[in-house]
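Have a look at these structures, which come just after this line.
You will see chain A twice below: alongside chain B first, and alongside chain C after that.
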Partner chain A sequence: MTFEMGPETRQVEAMWDVSTYNYRMDGTGIRLLTEGMKEKKLRGIRCGECGMVYMPGPSYCRKCFVDIDEVVEVKDTGTVMSYCVTMADVRGNPIEEFRISAMIQFDGADTWFVGTVTGVEWQDFKVGMRVKAVWVDEPAGSLSDIDRFEVITD
Partner chain B sequence: MRNVAIIGVGYTPVFVSKRKDVNIVEMMSESVDAAFRNTGLTPDDIDAVTFGNMQTFEGLNLPHLWASEHIRALDKPVLRVSTGGTVGMSVLQAAYYYVASGVYDVVMATSWEKQSEGDSQVGLAGIVLPEAIAMVQHGMDLFGIKGLGFGGGGSTGAASYQAMSYLHHSGASPEHIDKMAALERSNAVLNPYAHLRKKTTVEDIQATQMVAYPLRFGHTCPTTDGATTCIVASEDMVKKLTDGNVAWITGVGYAASDPCTANFLEGQITDPAEQMPAKIAVEKAYKQAGIKDPCKEIDMCELYNGFAHQSLMWLEKLGVCKEGEAHQMLDAGALEIDGEMPTNASGGVFSTNAIGSSAMNRPAECALQIMRKIEGEHQIPKKIRKALSHGWGGLFQYVAVMILADEPAKS
Partner chain C sequence: MRKVAIVGQKQINAADVGKSRERMLFELCRDFYKEMGITRHDIDTFVLCSNDFYSGHTISNVFEDCPVGAYMKDETKVEADGVMAATYAFIRILSGLYDTAVVVASSQGGSVMRPYLQMDYSLNPTYDRQVDLLNEVNAAALQARAYMDEFGVSEEVLDKIAARNLRNAARNPYAFNGKTDVTPADVANSDVLYEPIKAMHCYPFTDGACVLLLAAEDRAKELTDAPVWIKGVGDLLETYYPERDVSRSKSVKSSAERAYKMAGISDPASELDLVEVSAKFSYQEPIICEALGLFPEGSAGDVADRGLADMDSAMPVSPSGGALGAYAFCAGGLVRIAECYRQLTGGAGDTQVADAHTALAHGQDGLFLQHNAVMVVSTEEG
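For the complex of A and B:
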């Protein structure tokens, strides 16, 4: 099949300004989590019906559709559910230092978070490995109060 | 419900990175014209039009308001559908619902994307903008380098986590992803409507940059400009308008689960490689189509695979083989065009991704294979009686399926 494209036509450039939007958010679960992180504590919200522990928690269980507000402590250790090893920047150029990003399920929670894991060769890293959070020295109530994760043997 | 068939398909003359010679509506009209040319129908034969693309990818809203005259839909009911990656199949399913329900007899479904004119990353960011901004305000590093985040994965994003989880649970190796990628790129060479048409070996794939292990640059789909149109008709109109060589839509299914990526504020609870919606949707479609043993009864698959590992994953999730068997089928040559279960003979989304039309090209390719009207050299040699097509998207949790057959379903 032969198809010849016609001559190039005119191009106009345009841009949207996203700063004009104003969104309302329920911040209960994320505030609960980050407030606790000031004291190096992780807190989630448990559903009384199914027992699911969300972190950060919504105000209702997405499986049972009931309001939830029972605060539970979650440990800062967890299990690697999946991971990837970043070897290129966003433009696809190779990077010098490979970075392991893991999806981690904290002990006592049912939700997964992504974090960087250090101190292990990427070839040795596996799904199912156990990791522990490494906290910053002076937590400020931010998701960045956990700096990274390291592999542990229980 | 009435029986419904795809009676014709129209593609834009090419699917390429940049159509600099036409604007969006001109490109859409090319596929509409091709559908009329291929069926011998005229706009007067069409009762209603369904239509859609990826919302916000080109930054243009409400396309049904400005595109109707260009897709020969003036004075007709125009239903615009927008469901993300699955939109092409949703547009076709909407046309199917119209005809199956008896509301209309002949409906045209058009889907398109002109990715060169937009910014797909901005379009994707717009899905979760409020949650992402709120989490950044709470100290989340969007790139997932520091702290608790939800980024990471480089430009392949959450697909890398899905791929790794799939490999872990299936027993497939990263080399199987390379092999699947090379197979589909080789199929695309045979398809004149494919975008990436360069003969590609496993070694070529393995020479590409590893982006986020286990995914390489050579495992990812392109961004494409193109459009597709399908015309569907009731059984009575099939008799009236065609020679009977059509592809019957015998089963449809659709399902969503909770988001399994970017679920910033409420916590992710689902493995992106679990894909329960695929199982739910396909079970419904198999039941409607009277298919009891898909492993034996399905003759070919067209699967939605933005990334090469997904072809293998979908074969398992959609019940075409057992969990963990897909890579064995690949090794045995079963997924090749002349194999037992030809999979993405077209080259798949992996080789051609005008996103809005990607999930319509899957059933369109199945229909053309059944009708033996494939242009190019990717016609499957064996007779196709039942074909499985599939669309995927959303936040990794939104699945559509459609079964096509050479005979209408027996009611």
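For the complex of A and C:
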């Protein structure tokens, strides 16, 4: 038998479908937020030490390392902290119409929220612009109760 | 060389801890730092120990920094067992760059994911996963049979080892799988998973976390009146099965030899007052202990019959109940060190071994006892 020895690389296809995980999360802050959203209200949790308002709130301050439970009202208006013009979905598939994805700091909160802004040409959109949440007609108590944001024009 | 001590421990183990991993870690560390009289700002470096598979996302430490108090602090991660993470923390203090280190190891194999399934993904994807005949438990069965055949050890011996560990665990408040008065016959009657492995030979699926505080000599003495000194370490990895005899563990043997040399131990069986080993399946305990030089090779039957590894014997093995009492991946090995700490500080309650001054903790990772690490700890500053 003759066999040609030497380095050889092969490609082997195998699935990497690990498992279904039953992830757990802290429920309080997200429940506080979504229950308020049924009434088109936003609520966060404030740290008594540093004053940081988280929305949705964790149950402890990530900076101060203390339990937190002070509920505060947050307005549904906010300021654009950053944005990008989105031309593909998160998997990289092209989308039909360009979309503005913005990081928004709601008035009264210190954390940022990513949402879609409509009703404005992307060339005219700027960091620092003021925006307002547009709610769905019948909020059900979920994060998708905020449909999108629009620029405040007054 | 600097002297480094363990100055405190805290742990939680449950079949289902009923909390998110973030909250589990926050509560554990919050309470631990309070008990130690420190804040997060007193900790120079944080060594986390977790695994992307077990967490279900990449960079598993990304949501651990804040709940352990490492926000904007020096932090690193070991993706292996807790003994390896503690070794790394020890080395970081030895470097002189840090005086205090916290080690936190955790996973939620009880509630969030199924450990056996995860372990399959450590198999070689281009060979063993293609052949599709191995998983964690039948790998254990193959290794158990190899050991039993090599040394003429019966299944009853594995039952006796499991029964002793489960009885020990019943006396340990940090273990949840203990079974008071369980007999080898009860173990023998448990479900056969892959013969000769039965359900009660196996570690229980566990949610858990463990935290240790390590400190260099001066800080250690400020933090506690009873430091437990790290005297020696060894950490070695071998292939998981094809190129070796799985009835023995060379990596346990060699890592122990390194640790003994560093600790100045020449006769481990007489110089160690107890050991805490990570035997995830009962058959692993004699393989580990024999490689540690505590008992003659193949002596499992004699050790079991004569009670030579019992809590009140000359060489107590895992008085805490070991991995059969609770075993959260990553945390498992760190818990073994924590148990040695409890023993050497006289705080082990109903599992306390009398006059314990020097102990060894063992941790492992991988299939077929592939990766092993040991740490020798002592109340003697030396």
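Before moving on, here are some points about what is shown:
In this section, the second predicted complex is superposed on the first by the 131 of 154 C-alpha atoms of A that agree within 3 Å, B and C clash if a C-alpha of one lies under 4 Å from a C-alpha of the other, contacts with A are read in each partner's own complex, and residues count from 1 in each chain.
Rule of thumb we're sticking to: contacts are C-beta pairs under 8 Å (C-beta built on N, C-alpha and C of every residue); 3 or more make two chains touch, one makes a residue touch a chain.
Remember, predicted model here, so these are calculated numbers, not experimental data.
Contacts of A:Ser19 after superposition: chain C is touched, whereas chain B is not reached.
By the document's definition of touching, of the two partners only chain B reaches A:Arg148; chain C does not.
Of the two partner chains placed around the shared chain by superposition, chain B is the only one that A:Met55 touches, whereas chain C remains out of contact.
Of the two partner chains placed around the shared chain by superposition, chain B is the only one that A:Val127 touches, whereas chain C remains out of contact. Once the two structures are superposed, chain B and chain C can be ranked by residues of chain A touched, with B on top. Of the two partner chains, chain B is the only one touched by A:Met81; chain C is not.
When the two complexes are overlaid on their common chain A, residue A:Phe65 makes contact with chain C while staying clear of chain B.
Within chain A, the residues touched by chain B in the first complex and by chain C in the second are 14, 16, 18, 21, 23, 25-26, 58, 62.
Here chain B touches chain A in the complex through residues 13-14, 16, 19-23, 59, 122, 126, 129-131, 133-135, 138-141, 144-156, 160-165, 168, 192, 209-215, 217, 258, 265-269, 271-273, 375-376, going by the rule given at the top.
Against chain C, the residues of chain A that register as touching in their complex are 10, 12, 14, 16, 18-19, 21-26, 58-60, 62-63, 65-67. Residues 19-23, 26, 30, 39-40, 53, 56, 66-67, 69, 71-72, 108, 111-114, 117-118, 121, 125-126, 129-130 of chain C are the ones that touch chain A when the two sit in their complex. Only residues 1, 3, 5-9, 11, 14, 16, 18, 21, 23, 25-27, 29-30, 34, 44, 52, 54-58, 62, 81-94, 98-99, 101, 103, 109-116, 122, 127-128, 140-148 of chain A touch chain B when the two sit together in their complex.
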